[in-house]
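Order of writing sets the labels: A, B, C and D. Residues in every chain begin at 1.
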Amino acid sequence: MVVLVDENTKVIVQGITGHEGSFHTKLMLSYGTKIVAGVTPGKGGTKVHEVPVYDTMEEAITEHPDANVSIIFVPAKFAADAVYEAIDVGIKVVVVITEHIPVHETLAFVNYAKKKGTVIIGPNCPGIISPGKTKIGIMPGHAFSPGSVGIISRSGTLTYEVAYALTRAGLGQTTAIGVGGDPVVGITFTEAMELFERDPETKALVIIGEIGGDMEERAAKMIEEGKFTKPVVAFVAGRTAPPGKRMGHAGAIIMMGTGAYQDKVKALEKAGVKVARIPQEIPDLIKKAI
Amino acid sequence: MVVLVDENTKVIVQGITGHEGSFHTKLMLSYGTKIVAGVTPGKGGTKVHEVPVYDTMEEAITEHPDANVSIIFVPAKFAADAVYEAIDVGIKVVVVITEHIPVHETLAFVNYAKKKGTVIIGPNCPGIISPGKTKIGIMPGHAFSPGSVGIISRSGTLTYEVAYALTRAGLGQTTAIGVGGDPVVGITFTEAMELFERDPETKALVIIGEIGGDMEERAAKMIEEGKFTKPVVAFVAGRTAPPGKRMGHAGAIIMMGTGAYQDKVKALEKAGVKVARIPQEIPDLIKKAI
Amino acid sequence: MKLFEFEAKNLLKKYGVEVPPSVLIAKGDDPKKKIEEAGLEPPLVVKSQVLVAGRGKAGGIKKANSIDEAIKLVDELFEKPIKGLKPSYLLIEKAIEHEAELYAAIIIDRSERKPLVLASKYGGMDIEEIAKEKPESIVRLHIDPQVGLRGYHARIVGKKIGLKGKVLRSFSNFLSALYKVFMDYDGDLAESNPLALVGDKVLPLDARLIVDDNALYKHSDLGERKLEETGEYTEWEIKARSQGLTFVELDGDTGIISNGAGLTMTTMDLVYEFGGEPSNFLDLGGGADAELVKRAVRFLFEFPKAKKIFINIFGGITRCDEVAKGLVQALKELGGMKKPIVVRLAGTNDEEGRKILKEYGIEAYTDAIEAAKAVVKLQV
Amino acid sequence: MKLFEFEAKNLLKKYGVEVPPSVLIAKGDDPKKKIEEAGLEPPLVVKSQVLVAGRGKAGGIKKANSIDEAIKLVDELFEKPIKGLKPSYLLIEKAIEHEAELYAAIIIDRSERKPLVLASKYGGMDIEEIAKEKPESIVRLHIDPQVGLRGYHARIVGKKIGLKGKVLRSFSNFLSALYKVFMDYDGDLAESNPLALVGDKVLPLDARLIVDDNALYKHSDLGERKLEETGEYTEWEIKARSQGLTFVELDGDTGIISNGAGLTMTTMDLVYEFGGEPSNFLDLGGGADAELVKRAVRFLFEFPKAKKIFINIFGGITRCDEVAKGLVQALKELGGMKKPIVVRLAGTNDEEGRKILKEYGIEAYTDAIEAAKAVVKLQV
């Protein structure tokens, strides 16, 4: 078993006819991901890389009732719409790649998804991959390999970097989830950790954090309380970032006295987590931990 | 057992210091209703008929954790607020006496209550009474008497009229619920009927309908489908009301081709319900039915 | 409150909807100047701004092929009553060539407690007519108010009424705006009929908005509507409203005063049942005080259709002693019983009420049927 | 986007909040005339409209006991830089006598994913200071966005910061309006500090609103904010932004270009780790094309602090071949490598990228550590 998605997952791509949507549909297909349909309003009836395109999710799901995951490449202005559309046709995992979605909109659809029992990954995230099985996201597939390490991360490129290092060290991955870099995201570290805790294939977990917010502190608390029992290695980006400056995206800013690098590392180490100073140390720490 | 409320029900009166709130608190107390607290913002610390008054529901419920029903006499402009406040402190039955609440506000709080598992009675309703046990509403207590007939009604005064006729005919009541005269209300006929169906003390039911809407038709359908199995007698007000005219309140208007008197009577009779031409016929019809 | 076509269209415009170019003419305006200032070119449509349904069929909408013709129509339509009502405003619009007429509306579904979108590819006639003639053409979609009407809802509806491509996008923008107006303005109804199909977009040729009267206090920007303008009320109904009375005029001779919509209707039913005919519906509502009762009695004394009066009160929130006091005060001030009155009191404080009336010399009934029979029997 | 005090107060006013009487003075205005037109009487407060925190302590707020004094202060404050920034506007307000200074704010709690109300009876200092000095005084209340901030939420908060009776009602109205502004304008933060207690009401002496940059397209009524006015950006950061680059100036000599906030920060961390010091953070973001890379490289060539450049790319949505193309184009157009560059490419299309660079004569690294060590070693 792996987490949330596997080789049988059937995917709908929302915003499939756009530049990024079309490009990554091709990459996902060549990775082996089962993409059964795409949706772009007004483009119904066309095809993208042999994938049939529909005007609405309702039509897509009627034609492909076995679809269970959607991935969204829709521009920020229309992305929330696409999320609600996916939830309302019963999609249970929605991966939101789009960045720059207004945070009030994210707030609203994340709350709505929770009530409907839908898992949102993102927004502003690289997606989810179960190496060798399926890739529902924009990560470079060759950086990953099948194995028994789980990854959860707030950063896209850093995830690839770490997976690549693990892969080169012979440590494959069960699933890697990029939870997204926005201040408000769907699935959080602790929610993802519950899934990894239950997954028998996952033997160890890598947490890739970032300054800002308190997801890392909450993860540490969960470990300390004994609710996550597998070995964990962490890395937190932004050790040398000056406080108060917004580093790239809104998630990575130290505000209101929370989210500083030192606080996160202290909390993680207190919970017994090994914290790497640079990402490339992670494979060795994992090997020592398992 | 009776429906929703009984002699152990502990009541909070929201808007207790107002003219109507204070007057009916007195009447309810003298009926034997257990009123444990009142709430009026800015009037905390005072008393009304010996009932302690608080500024917020949070304080009231902290001091009286056994309170489980609230009744609202707050003016229309602030009534929705009071409903949310009651729901959010965990009150499970909220009786909304207030009329003239904007329908969009009612729509929103009725949906919210449903999600939170709270029963709303009203708005624009006379309340609920279990004769001899408790009266949470504005009905004249002496018109009612304990017994085995249930009453559900869209009209206030008409309910008293019918209860009075039943009482004079020796037919007491288990519980009478005035669901309210607005176009959108909390508990509906069919939802109330589910409760009466499960109540062993209720041997027969009186439905007091009105032109407009389709609550009577839905009740008829429920009976026809065998989901309500006790004897039912109905009366529908507005037989001689001219169509298209708004009779008194917004609920009683025939619109969009639904809600006409004849349609309702036809549906009820098709389901085997005896329909009285005047309210005073109801006791005889009930006697024949049980 | 019903909004005039031009008011509804102004709101839609505020919410980003394209509407036909137009100019509003008030009585006394110079139509030629107004048309020229607005830069309107013929063909034009001159539309009587009245709130009654079926305005087109009643001759309230006329086409003009020249500005001169439009000016003539202005004079004509200002003088032309539509179902009894002369307009205070006319809307002159550019006549729009269009390929089809759609129907789109949002109402509240009271049973589902949700906003409901209604649409049909057969616009231009009443929704009741569409429901009769092309029931299968009506598309219905409930909206979860927490989610709101989103682009995809509009697209689902649009596709089902046969729209595609760019028109679908235009329809989606239109419907989203209509929903926003509906929600922001506490709409009972927001409607466009006909909604015209013009090239690759939709354009509302007509627009209606009915605002929940209970919510009007939130929308002071809408101004007030004179009852005379609505076409919904008779002269006496307007008079009653100005006195704060909930009154509906009927055709019989028995004046009815009761409390609660249900009981007042039932009182009418009772009078009919025993062979009488009500002259009106007058509901005191909940918690009537002596003052309101006084006003109601005085009103029915003046209302010529009412030859006799039946006051049927069952007290709940209304107290029978207050009713009795109001009645006695009214009779004292107005110099006695100008019309014969039958009173029935029951419920809260009925004994006190009965006592007050008895002191004045009125024997109030307890039983509604007896009272109804008595009032029907009264010869006037 | 941060709003100026006067902008935030204007919004609050629009939402029904009473604010102190005031007049806005732009550079070049006649303050005497403006004050008189506004009917303001001394005592007055003259407030520098700058967006930096700690304005009061920095001398940006001055009291005037006469109109003449206020006029003098206008001249003085227009010339006085607050933390390096001279104001374009001054706000002259009636000085309000008050009994106490409260704190009230609404932010988004990212963990709970809900709006969070923060309030304290100890206003007048930063929330961070309050959190340090009087942590127990901070009242927190999460708001379910579906329900909104209702009167009773405000009353619960108000009571907990010690308010009663009429003041409680005034506070409740204020907080409801603050919440509406926060929600309607996509606020990251809506704050009043100090919120003054004046008799039986509250009055915002200061007001702040930060609007989510991603939502600015919905709020064109707010106008635009020149980066120069914000006080948040250095000259080079402003220059970078105007070119669409996400750039933060730092103090070292190693220019950093990377993709993704996490990787860019980590690249900084790596350079530090091996003894170097970054001169900047420059994040290409997701899906950078050749054009963006070209702009970034050209920018760092111009940026004097960067003596050498480390380009660290791990391709996901960004394609390494695009990065390579952009770099090569930049070098060609700018006449070669003006500063030494170390490139590391991995991920999507990295082989293609490496090939393109090799053709131009650049050997790109695959391993980030080797690359970081190499750039640190470079003598410049």
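In this section, a residue touches a chain if its C-beta (ideal position, glycine included) is under 8 Å from a C-beta of that chain, and two chains touch if they have at least 3 such contacts.
Source: prediction; values computed, not measured.
Return the chains shared as contacts by subunit A and subunit D, ordered by label.
none
Among all chains, whose Cα centre is located farthest from the one for subunit A?
So the farthest one, by centre of C-alpha atoms, is C.
For the chain pairs B-C and B-D, which is connected through the larger number of C-beta pairs in contact?
By the number of C-beta pairs in contact, the winner is B-C.
Find the geometric centre of each of subunit A and subunit C from their Cα atoms only, then give the gap between the two centres in Å, rounded to an integer.
That pair's centroid distance is 53 Å.
Please work out the Cα centroid separation of subunit A and subunit B, and write it as a whole number of Å.
50
If you average the CA atoms of subunit B and of subunit C, how many Å lie between those two points?
For subunit B versus subunit C, the centre distance works out to 27 Å.
Quick one: which residues in subunit C touch 2 or more of the other chains?
Residues 146 of subunit C touch two or more partner chains.
Mind pulling the residue numbers of subunit B that touch at least two other chains?
In subunit B, no residue touches at least two other chains, as defined above.
Can the chain contact pattern be summarised as a line, a ring, a star, a complete graph, or none of these (other)?
Topology of touching chains reads as a ring, each chain with two neighbours.
Which chains touch, pair by pair?
The list of touching pairs comes to A-C, A-D, B-C, B-D.
So in the complex, which bits of subunit D are touching subunit B?
Subunit D residues touching subunit B: 146-147, 150-152, 155-156, 159, 164-166, 168-169, 172.
Spell out the residues on subunit B that touch subunit D in their complex, using ranges where they run on.
By the definition above, subunit B touches subunit D via 41-42, 44, 55-59, 78, 80-82, 84-85, 88, 112.
Within their complex, state which residues of subunit B touch subunit C.
Where subunit B meets subunit C, its residues are 20, 24, 27, 76-77, 97, 99-105, 107-108, 110-111, 126, 137-140, 142-143, 153-161, 164, 181, 183-184, 188, 208, 210-211, 213-215, 218, 235, 237-242, 245-252, 256-257, 277-280.
Given the complex with subunit A, which residues does subunit D contribute to the contact?
107-108, 110-111, 113-115, 127-128, 131, 145-146, 183, 186, 188, 212-215, 217-218, 246, 248, 250, 258-266, 268-270, 272-273, 278, 281, 283, 285-287, 313-318, 346-348, 350, 368-369
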